[in-house]
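Read through the structures below before going on.
Same chain, two partners: chain A is paired with chain B first, then with chain C.
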Partner chain A sequence: MKRLFDTGNAAITEAAIFAGCKLFAGYPITPATEIAENMSRRLPQVGGFYVQAEDELAALHICIGGSLGGLKAMTSTSGPGYILFADPYGWALGSEIPVVVVNAQRVGPVSGITGAPGQGEFYLSRYPTHGGNFESIVLAPNSVQEAFQLTVEAFYLAERFRMPITVLADQIVTDGWETLLIPETEAEIQAMGLKVALRQINYGPEFYPATDEIDVPPVVLGHNTGAACSDWTPTAEGFDTEEVEWQHKHAYRLIYKVRNNRSIISQYEEFALEDEPDVIFVAYGSPSRVVKSAVQAAREQGLKVGGIRLVSIWPFPDEVFHRSAKYLSVELNYDGQLVREVQRAVPKGSEVHFLGRCGELPKVLELVEAARTLINGQPLKAIKWEREAW
Partner chain B sequence: MDYLAEKFLKARKIPSTACSGCGLGQVHKKVLLAIDDLGLESADIVWGTGIGCAGRQTFNTWKGDNFAGTHGRVYALATGLRLALKPEQKMILTVGDGDAFGIGLLHLLHAVRRNVDMTVIVADNFGYQSTGGQYGYTTPSGAVTDSSPYGMHDPNWVQDGRDILDILKSAGAGFLARHTSVEGHNAVESIKQAIRYKGFSLVHIIYPCVTNFFGKALGSRKPVDAYRWLKARTNPKQQDIQGITFTTGIYYQSTSERQEFSEQLRGFTERVQKRCQS
Partner chain C sequence: MKRTEILISGFGGQGVVRLGQIFSTAAVYEGLYTTMLVSHGTETRGGYVRSQIVIAGQPIDSPVVENPDYFCAMSKSAYTKFMSLVTAGTILYDPGYVEPERNPIARHVAIPARDRVVQELGKDIFANSFFLGVLGQYFKTAIHKEHFYQALSERVAKFQAENRQAFDFGYSYQEGADA
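And then the complex of A and B:
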């Protein structure tokens, strides 16, 4: 086992190399720039290519182009670049081309603050492109080590589901320094549960079969298979068509290959839920670290508090919200995004509350006090700025 | 079926769904003639397309491998794909004027800057015709279109001492040519040279849209009127042709070959690997 002390950005880089990534095209953006820098150093060492793109539209398109030729590819960005991915992301979803996309979320809207964490792309990562008729797969690490493991997982899922996968990190995870363990032996790899899928080639004639099955090889160009892939609705052979029946089959495949195989994707962590707690915190990414400490601190004070930490956020793991309780969604935004999904997923009779922080993490004591307030049946204190006259 | 179509195209796509009388078929055929003359086969070429008449009508016609990009992005897709293809495999992109000179110009310029080995055939029908006929970046000045009802007033890329091919030349393109679809052998020869060129090459071919552009500009949807108009303006010998004319032929041919993008990157990667090993 290689033991390093490094950033989430370094972990993501090493994960990509570990997973067999051979192409990275990117555009510099804080707090994900280091991924591009690291890839420019590491890729040539392993026979891969680093391309600095003219913008994020080109970055992801170049990655997809390489993937279309059989190279495993990744790009990374933050919110302002992630929105520009809308065009190629949709292309990869529709044409079913594997690619990994990292988003180190910073606080927004728009350019916001470059060096402060945010969680503003929760819904954007669900709908990273227009048109609907698809499901997305999004994984959200909360530590340097997990950034490594989930990036490897993202490459694995991208191949099996033949689609783009987003690793939705945040600035604290990507810029933060922690211990990073990189497995070297087969036993270490297995112990960490890491899986790598090799690129398969679809030899046709059915490139887009009407099935919800995964492990259908993607189109790979350059082998004279007569393959065709495009932004248009495809027939099974890849011809562009205006017939609605093919659109139904296309949408069915894009939606149900994910929905019907959710068990492969779904990952979450539960904190102290065994005794049906009164209050359940919900979080993903770096706030979940505070939540974990807060659950422990609240328990020490005799409060029946538990927590749910989402590791995969899309498809949303509804099944984990089966308990009736007072839920408190803890997020790095003031508008409340995750809370809306929690509201939808919880059983009838549950209460759902929101505690947001903008550009910084909440404090453990704040969360404990919020839990106590909810247990006492009182309303949560408003954040000060809400009442100030601007 | 035409022998070229039988040899190179997917039967399902013949005849194409283009409007009756459309000049795109002439452009498409010239590219196939060039490919045939060069002795290339389906495995030798990966064919990409953009959005619009030129892209949609030529998409997945090629018997080999095909891809179509979103509007204007096919140059970036092709840049990535180039790294994965064998160096001897050719990439041909058939795109429209809006795709190449409008929405995709940034990516096109960067493909030129990087000298990515691809041959871009810009099939130019003077604007956005598949959406009903709006003006574009090569629409002749003064032309009435659906979005220039009082006459085309927006500066374009091919007038007033300005030429899009000149911009591409300055950016580093190694082979550039311009033709109209009513030309024969010389246009095919230009396409052959473009395909043969190891690096970025582009052939701009103007063809008539009889349904929208000429329907409004000439007040006639008769194909023969459109073809006569274009023929009369292609390298005109008579002095009495007023207004727009097209000077065709090879626009620029580099005498020294710049290193190609994927070749350069492969070499770079190899050198780094060697340095790391030693």
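And then the complex of A and C:
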């Protein structure tokens, strides 16, 4: 095991190399710049290609092109670039092109502050493109080590599901420094649960089966395909069509290949939920680490508090929210995003509350006090003007 | 090792982040778990910089330093901004920049890093390595000195000999101090 002290950006780079990524196209942006920088150094060492794109729109299009050429590809950015992916992300979803997209979220609104963490793209990562009629897969690491593991996982899912996968990190994960273990032997790789899917080639004649199957090899141009790839509705053979019947099959496939295989994607962590706690914290990404500490601290003070940490956020794991309790969503934004899905997923009669911070993580003390306040049946204190009740 | 929190803050250009990196790398080589959050102003030099470090014997949950066991105050504004976080810990301040409060609650220890390295090595840029040495002394039972030397040689590109000397000055300055 290689034992390093490094950033999430370095972890994501090494994960991509580990997973067999051979193409990176990107445009530098804080707090994801070092991914591009590291990839420009690492890819030539493994026979891969680095392309400095003119913008993020081009970056993801280049990755798609590379993937259609048979290479595993990745790009990385922050919110201001993620929004520019909207067009190529749709191509990759519609034409079922495997690609990995990393978003290191920083604080908004819009371009916000470069070096401060935020969680503003929760919903944008659900609908990263137009047209609807698709499901998204999004993984959200909360540490440097997990940034490594989930990036490897993202490459694996991209191949199996034939689609773009977003790794939704945040500035604390990507810019933060931490112990990073990189496995070197087969036993270490297995112990970490890392899986790598090799790129397969679809030789046709059916490129877009009207089913919910996964593990269908992706299109690699030049292998019996012609140019069977566009963002229009395809026939099974990949020709553009205006027929509604094919549109129905296409939409069914994009939605149900994900919905019907959720067990492969869904990952979450539960803290101290065994005794039906009064308050359940919910978080993803870096705030979930403070939540975990807060659950422990609250328990030490005799408060019945638990926590749910989402590792995969889309498709949203509704099934985790089956307990009646007072839920408190802890997020790095002021508008409340995750909280809306929590509100939708919890059983009737549950209370749902929101605690938002921006630019830095909340403190353990704050969270324990918030839990105590809720247990006492009082409203949470607003820092300034935020809406607390949901 | 139990969870230990270290806060290092000063202004841009002093090597606050580098100091944190080297300290943390040494801890990782020792087999400990370490997290470091870095925040800074937008200026390349002169703005505020802060490293929040947590080390522990097991994986770390919250990486936030809420109640530092050690606070290295390397500028006046850093001292003013973060001193109230320290309740049970120790503030290691550079008297070249910081004038401590009159009746402080937290334990204060003066670390004349800037003046010592200017006097011995001719440049104030080695002050961070002096602070590293001081921390090395406090953590000498938890982290072997060799790991600091190894991390220092890996993370410092220039003036390695001088940085190592500055580390040694700091290490012996607080001889006998213990975490």
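By definition in this document, the second predicted complex is superposed on the first by the 380 of 390 C-alpha atoms of A that agree within 3 Å, B and C clash if a C-alpha of one lies under 4 Å from a C-alpha of the other, contacts with A are read in each partner's own complex, and residues count from 1 in each chain.
Just so we're on the same page, contacts are C-beta pairs under 8 Å (C-beta built on N, C-alpha and C of every residue); 3 or more make two chains touch, one makes a residue touch a chain.
Here the structure is a predicted model, which is why all the values come from computation and not from measurement.
Residue contacts after overlaying the shared chain place A:93 against neither chain B nor chain C. Look at A:19: by the touch rule set out above, it reaches neither chain B nor chain C.
With both complexes placed on chain A, chain A has more residues touched by B than by the other of chain B and chain C.
Within the superposed three-chain model, A:51 lies in touch with chain B and out of touch with chain C [touch as defined at top]. Looking at the shared chain after the overlay, A:364 reaches chain C, while chain B stays out of its contact range.
In the superposition on chain A, A:10 contacts neither chain B nor chain C. Within the superposed three-chain model, A:303 lies out of touch with both chain B and chain C [touch as defined at top].
On chain A, the positions that touch chain C within their shared complex are 3-5, 114-116, 145, 172, 175-179, 286, 289-290, 292-294, 296, 360-361, 363-365.
Within the complex formed with chain A, the chain B residues making contact are 10, 12-13, 42-43, 46, 49, 51, 56, 59-60, 63-70, 73, 76-86, 89, 106-107, 110, 265, 268-269, 272-273, 276. Within the complex formed with chain A, the chain C residues making contact are 20-21, 24-25, 27-29, 31-40, 42, 59-64, 66. Within the complex formed with chain B, the chain A residues making contact are 23, 25, 43-49, 51, 53-55, 57-58, 61-71, 73, 87-88, 90-91, 95, 221-232, 238-240.
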